[in-house]
Amino acid sequence: MKAPIRSNPMLEKLAPRPGRFALLPELTARQELALFCRALHREGYDDHIAGHITVAEPDGTFLINPWELAWDEVTAADIIRVDGDGIVIEGQWNVTPAVGLHLAVHKKRHDLKVVLHNHSRWGLVWSASGRVPPVYDQTSGQVEGDPVFYDEYAGSVDGASEAEAAAEALGQEKWALLKNHGVFVVGKDIRQAHLRAITLEHRCRLAWHVETLGEGQPITDPETLRVAQMSDDLGFPFLWEAMARKEIRLDPRVLQGDPTSAIKGKAK
Amino acid sequence: MKAPIRSNPMLEKLAPRPGRFALLPELTARQELALFCRALHREGYDDHIAGHITVAEPDGTFLINPWELAWDEVTAADIIRVDGDGIVIEGQWNVTPAVGLHLAVHKKRHDLKVVLHNHSRWGLVWSASGRVPPVYDQTSGQVEGDPVFYDEYAGSVDGASEAEAAAEALGQEKWALLKNHGVFVVGKDIRQAHLRAITLEHRCRLAWHVETLGEGQPITDPETLRVAQMSDDLGFPFLWEAMARKEIRLDPRVLQGDPTSAIKGKAK
Amino acid sequence: MKAPIRSNPMLEKLAPRPGRFALLPELTARQELALFCRALHREGYDDHIAGHITVAEPDGTFLINPWELAWDEVTAADIIRVDGDGIVIEGQWNVTPAVGLHLAVHKKRHDLKVVLHNHSRWGLVWSASGRVPPVYDQTSGQVEGDPVFYDEYAGSVDGASEAEAAAEALGQEKWALLKNHGVFVVGKDIRQAHLRAITLEHRCRLAWHVETLGEGQPITDPETLRVAQMSDDLGFPFLWEAMARKEIRLDPRVLQGDPTSAIKGKAK
Amino acid sequence: MKAPIRSNPMLEKLAPRPGRFALLPELTARQELALFCRALHREGYDDHIAGHITVAEPDGTFLINPWELAWDEVTAADIIRVDGDGIVIEGQWNVTPAVGLHLAVHKKRHDLKVVLHNHSRWGLVWSASGRVPPVYDQTSGQVEGDPVFYDEYAGSVDGASEAEAAAEALGQEKWALLKNHGVFVVGKDIRQAHLRAITLEHRCRLAWHVETLGEGQPITDPETLRVAQMSDDLGFPFLWEAMARKEIRLDPRVLQGDPTSAIKGKAK
């Protein structure tokens, strides 16, 4: 592979060949975030303009998608930067008032680079049902453990104390169902957050279909998922790259407009 | 933002930045209505050529989509104008006989500019179930209160007395489920009617998924929705603009043909 | 309207205006049939290459879509003509062995011009459930009466005696659910057959959603549907034209290749 | 027909006409496999980059889609070749570690040319439900017999002994549901494997819809399916060709890049 993928010792042995083309072009952080928004929109994270993703940068600032745009239209040029107080310091758009929730989590979890919240289609169904969906297949089991079910949210995501309470409830976990309010997913990088977000939606969708049929047999033996769960830590080989590539193929404008990009598309 | 958005005192403080591009081009009333038809068609208001939207103009006339066309093909040039008796006074198409229902509501509700009726996918399911769907998430709760469930409709929408009865049943409310016949939504402008229409469809869809799973926990504490419900009155920031922008992006012809438009597209 | 629509005395009074453009171009019989295949495929009549539509011509022959092609790819040039014994007499493709079922119906029903069979998505569900779906909304009730539920089909549609038995079972009715085998719809012309086919699929889809929710309130008072049911006989104004127009807009090749057409597209 | 179709004695009698155009262009083995991946992705075999298809070549090697790419993007140029031990001997991409499962089946089943595994949408639902879906319509019954329900899979597809156990469980059968892990389909060629794969997904989807409605009447008389089941052995006439043609129509790049192809498209 010409494009860098996350270091995975198994992959060097299992996939030594370079590939017919680079899995992805070299991407700036803004391009990667714009692709992430679009890829998740396609998976069901599509409640109009709801939802935000923050990416922690090494200098203590954060990239975030703007308040004004839907996830399926955002381009690299639209990504804004906020400081640790959520004040916009780069970019022309505005930041959601809900940024406080993201910042509260980043403050407690320096192991994380990515924090995302949205009202995904199937995640919402279980968030309104008061239950965590069982793991009904191997794909659902790629991320170990159940989401936190956080049921004390009281209607707003802009109040500081509520944001802190939510961050507290997440604790050291990977993901959460917010009662009557969607999902919350974090990760050490976009590849990991992507796998967790699509796994959660898959798990919620499959479990609904299985349980409405009425005879589900969830996976209960943890050994069954041992190999699958290596994906969460090491990365599912090639998966994020394929999904990002699809977005570029379907609308190359997603990469446009980042002045630091090798692909210097004109802003739309 | 360069494009005018509805005055919202909170927004001036929360979103002071002008944006990388105008949220929407300046739109004529006809263009706005054509965009509204298309955006709702994409959300599930798609029963072939059923459904109409009237927009009250300051001079006592009404703009309306023509009888002959589906919501996903209408352009600004297709919008017609009727007088207070429902007689076409501008445009080349014909008006639905169902216009009487709209006019009866406009007559009683001078606080409203927009009246819409259609057979939306999920709205129909609940309209046939004899129940109002509970509010299972924050998005469903953006519009305060339950729809009127109007169950005395007797099969036709063109009789004057039936239209008056329906207008009577709506009273001072925002929306209604028409038993075995779809939905009815009104608003003080297109932004408000848009939020109500998509919220109703979302609420109906989510509630079906939650209740078929069998363990729904609806939101019952009104305080939970306090912030979300500010959207109905003040407008959900940037939402309508994003959905209208999507329609322009996917088919710019939607704006064509309005002689009063700044964007003077040729008629198809 | 510049394009001819079926004579409907009410329409002359209700829709006197000519329209901004013709509702449809003048269509040959082959173009109309190709459009019908495509429009129904989009509505759920999409079981791969299954399904055929015959159109009786004044000279005792029949137009039919070819055996080899899917409904979503057929063009005017692909339509073939068979004689009263089902022998191909015009066109380059082959005819389905299932044509016998169609011919058996045409033989008994000289009031009909159109006979169609397919395995539509929602029609199949009810055909496998042993029940006719109740009428849960006005749109479902546009066609008066329940489909015949024909449960003696024994696996093949090419045997003459089975075809006659099926034709016998249909009798003077408009439509049928074939047990474990899809649907059967007839009409005096394509406009009527189109309305019946989309109404059946709508009725089946809505009824499934209502009954899985569990509290359906079907329409039982026939008076409720009196106006809606005028559509079956007189035609639902402008509906077929809008759906055919959509197919032309999305893929104008559908009209190509008919040597008798005013629009002389080149064969693909 | 100008393109070769599988020899079917009935077809020579029933479909003697050559057709208006070739059903498919002449295809190389790589092009056929790329088309197969894309056609199944469209039918619900779409769990991101999961799933592989092996095609046995006369020289004892196997063609397979690469590990790195999703089924909806693969082109002829991307197909790789492995030897009997699963070592890549042609092509630039890498092979999935799951190839062992495929090779174990090919080793036991010299009657087969094609082995495929994926996590199809509706297949997964039943695989998690512990039951084989009944046959609720004729289309579902085109392939005789129930899938093997293999429930001893223990979490990995890369261990040799597990691969052999799975091959053992499949035995001489056509298809299997892998508990909590998707489906497994084999065939003597791509046409047969295609029919089996789409039939399994159709059967799973329909059965779910019928059983959630609650009153299913499965087909139990084998005589009912006698004619339909001829398709599995003789091939469903024209079906594979139509589905492959659709992929070419929607994205002709699928054929590109195979140096042995008559259609010498440039690699993307």
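Every chain is named by a letter (A, B, C and D) in the order it is written, and numbering of its residues begins at 1.
Note that a contact is a pair of C-beta atoms (placed from the backbone, for glycine too) under 8 Å apart; a residue touches a chain by one contact, two chains touch by 3 or more.
What you see is a predicted model, and the numbers here were worked out from it, not measured in a lab.
Shared contact partners of chain C and chain D do not exist in this assembly.
Two copies of one chain, chain A and chain B, form a contact in which under half of the residue numbers belong to both partners. Centroid to centroid, with C-alpha atoms defining each point, chain A and chain C lie 45 Å apart.
Distance between chain centres (mean CA atoms), chain A to chain D: 32 Å. Within chain A, residues 212 each touch two or more of the remaining chains. Viewed as a network of touching protein chains, the structure reduces to one closed ring of chains, two contacts apiece.
Interface note: chains touch in the pairs A-B, A-D, B-C, C-D. Residues 47-50, 67-70, 72-73, 77-78, 88, 91-94, 97, 119, 124-131, 154-156, 158, 179-182, 208, 211-212, 267-268 of chain A are the ones that touch chain B when the two sit in their complex.
Contact residues on chain A toward chain D in their complex (touch as defined above): 1, 14-21, 23, 136-139, 198, 202, 206, 209-210, 212-219, 223-228, 237-239, 241-243, 245-246, 249.
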